[in-house]
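Chain naming follows the written order as A, B, C and D, and within any one chain the residues start at number 1.
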Amino acid sequence: MAWDRNDMARRAAKEMEDGFYVNLGIGIPTLVANYIDDDIDVTLQSENGMLGMGPFPFEDEVDPDLINAGKQTITELRRTSYFSSADSFGMIRGGHIDLSILGAMEVAENGDLANWMIPGKMVKGMGGAMDLVAGVKRVVVVMDHTSKSGAPKLLHECSLPLTGKGVVDMVITNLGVFEIAEGGGMKLTELADDVSVDDVKSSTEANFEVAV
Amino acid sequence: MKKIFNDAKSALEGVVFDGMTVMSGGFGLCGIPENLIAALRDTGVKDLTVISNNAGVDDFGLGLLLQTRQIKKMISSYVGENKEFERQYLSGELELEFNPQGTLAERCRAGGAGIPGFFTKTGVGTLIAEGKEHKEFDGETYIMETGLVADLSIVKAWKGDEQGNLIFRKTARNFNPMMASAGKVTIAEVEEIVPLGSLDPDNIHTPGIFVQRIIKGEHEKRIEQRTVRERENA
Amino acid sequence: MAWDRNDMARRAAKEMEDGFYVNLGIGIPTLVANYIDDDIDVTLQSENGMLGMGPFPFEDEVDPDLINAGKQTITELRRTSYFSSADSFGMIRGGHIDLSILGAMEVAENGDLANWMIPGKMVKGMGGAMDLVAGVKRVVVVMDHTSKSGAPKLLHECSLPLTGKGVVDMVITNLGVFEIAEGGGMKLTELADDVSVDDVKSSTEANFEVAV
Amino acid sequence: MKKIFNDAKSALEGVVFDGMTVMSGGFGLCGIPENLIAALRDTGVKDLTVISNNAGVDDFGLGLLLQTRQIKKMISSYVGENKEFERQYLSGELELEFNPQGTLAERCRAGGAGIPGFFTKTGVGTLIAEGKEHKEFDGETYIMETGLVADLSIVKAWKGDEQGNLIFRKTARNFNPMMASAGKVTIAEVEEIVPLGSLDPDNIHTPGIFVQRIIKGEHEKRIEQRTVRERENA
């Protein structure tokens, strides 16, 4: 049985280490916050200008001046600091964020990532994604293994315009976990429950080594 | 040198012209200069180039200036929340330049700080890098981005004083400080104008040197994504 | 009778306008603060990170955390703000300071300025001078007309290493006031009391037009 | 992840090596990391490249590291107040690279923000521009300067918390925030370690992400130029 959204988020949470500063993208990555080990101290960054992002507010705590990069209302913690967008992306570009977990449309076996535009469709923009994948020390993608139509999303080469070249370090899908070496080279390192290597192979275009 | 103006309309007098470039602070609908955007619409100014991370929603924020077709071009990082935007863009009525969010923030900061160009690895190997100067530093490739300045910057702060010193509140700070620094003329709207000396000098986010005019506004502060959790029953 | 230090400072103070942000250098320029017209509102910047510099403190107000760029203890005002050196020079480089008044060793008729090093002597460094002359909208030099040995300091070309090229807009000496046009061209516009044009000519190497 | 260390000596353990580059905050003697400088001397580390706006005085601040000849090279904007510095420099024992003060500040900020190079007009046409890339923007000439990073940054703040969040006081802020951001390891010494949550999140000058270790120091805060005025008699 393949992993569901929460399983994937739970697996992604294991990439966090004590003392990490982490940026979580929109969608499944947001769920990762629910699975952070209580024994480790992790600080969440929101690229619109906040370190130390807390949970969603109770109804009577909602503050229009306090949102995350997904424009959702959130709360602050005792450790929280606020800063400008320039300072926020200084942190990101300068390599101070340890881990970025984000979604993707396509990932190539060399670590190329596409997650911002589909030619011919309305393009909403890359937001902070290009800065995050270029600047953050380690980039973990969490996504479904195939598109809704069943087409593979782990490819030899991305067909969509790139968000970053050779930037992805790990991909977590509903079928398993892949590591991508610096300079390219994809390796299947974990399988979801009751998923076989053949199951993975049949829905993957990218070449990958098997090391489960 | 009186910086305090009575309202957004009077603050815009004499500084608005067709074809001008305007920076508008805010992220989503958070920390946007609501009053100044509405007043800018009312001036009837045309062919604006607007630099703003987002483009508002249909009936609020920069969406107001899109409805009246006063914007010729947007420089933004994300514009997803606006149907009228989409329509004008797809029909070719509106020009659009996408910048990665961090690059956009840094371009504004650079413009205000007298830095005409800087190198970043954001966007290397993507569409964003096309036509831009590439350069290696320590074996890694970077692209050059340029500083941005505006004829007019409109920003929203929490509190301000008669000297134009500003403080922002929580994540409503976002693009406002850099844009304040990059306007040839900068107008700030604040929730409260406080007596001189009541802001802590160690904690002024935007020093008054960057602010030529200031008004007290009325702020609706609309919320785009109201996400809440429920209290567990005791 | 030529001007003394205070006369020169008084004359320099007339270059200030209502609403100006001004950076004053060390030496005579510091005295200019004493002569600012009460009817105008001027804010002094200190490049180590302060806008709204107040006067020297009373003995019981001295604060080691509050100094100007000359490392002198000073005070704050109700309008004061503090910021980092990067933000301070962002203001300077970005052209937000209206006026810089500073001393010089040599000024050339094209506006070149030398005020930071004498080859063969111990060089202390340029501090913020190069940033100020490059970034501030208007640069006014206040200096003695000749060196202690009587050598002219207003020259065809500077002999000392430059602080900035073509950056000086006005020179105030003990003998009078010179304006330097954008792109070069020096003009004597005022004479100190009882100083003649010939007095000025005899102690000046630079070519200058007379417009007194 | 415990950031609070007992003292300067223990905070330096494991992060010091010969030939390393150290950024040291402060302007003159204002806002310098007194305790960490003294402890760095006591480690006996050699051949340091020190990036600091000034070089202390003979018996205080970085002067301590000059007396023991632990500094190989200084990158500074102004070094006038130190006889030992002058002696070592004139005898060729000490290398010195002068940077304009604003360029130095921006180089540190750029290093911390992942910007390997930027353009400035500061120094164009002077010795500082020699050998540097020149480029025109809008008809004006600029030179390229590079970002700086350090193996270790030592900074002085007013207050800090266990997460490494820092606030500075008055003009003691100066170079400290940028240098904090540009150290591979950054150690902060503060006058007071305050409970988590007691710093205003809107007014944290250096977020804890930039600070790996923090200590409470004892600060002499020596004054270089005590200038006072006299009260007129009542």
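Here is the rule we use: a residue touches a chain if its C-beta (ideal position, glycine included) is under 8 Å from a C-beta of that chain, and two chains touch if they have at least 3 such contacts.
All values reported here derive from a predicted model rather than from experimental measurement.
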- Message: Considering only chains that satisfy the touch condition with subunit C, which of them also satisfy it with subunit D?
- Response: B
- Message: If I rank B-C and A-B by number of C-beta contact pairs, which comes first?
- Response: A-B
- Mind checking the centre-to-centre distance between subunit B and subunit C? Centres are C-alpha means, answer in whole Å. 36
- CA centroid of subunit B to CA centroid of subunit D, Å: 32
- Taking each chain's centre as the mean of its CA atoms, how far is subunit A from subunit C in angstrom? 54
- Roughly how many whole angstrom separate the Cα centroids of subunit A and subunit B? 28
- The positions of subunit D in contact with two or more other chains are 106, 109, 113-115, 120-121, 168-170, 173, 201-202
- On subunit A, where are the residues touching two or more other chains? 76, 82-83, 89-90, 92-93, 135
- Message: Applying that definition of touch, give me each pair of chains that meets it.
- Response: A-B, A-D, B-C, B-D, C-D
- Query: For subunit B, which residues are in contact with subunit C within the complex?
  - Reply: 1, 109, 111-115, 161, 163, 165, 181, 196-197, 199, 201-202, 204, 207-210
- Query: Which bits of subunit D are touching subunit C when the two form their complex?
  - Reply: 27-31, 53, 76-80, 86, 89-90, 98, 100-106, 108-109, 120-128, 158, 168-178, 205, 221-231
- Task: Note which residues of subunit B are touching subunit D in the complex, please.
- Result: 106, 110, 113-121, 135, 137-138, 140, 142, 146, 167-170, 173, 200-203
- Within their complex, state which residues of subunit C touch subunit D. 46-50, 55-59, 62-74, 76, 82-86, 88-90, 92-93, 112, 122-131, 134-135, 161-166
- Which of the residues in subunit A end up touching subunit D in this complex? 18-19, 21, 41, 43, 45, 51-52, 76, 78-83, 89-97, 135
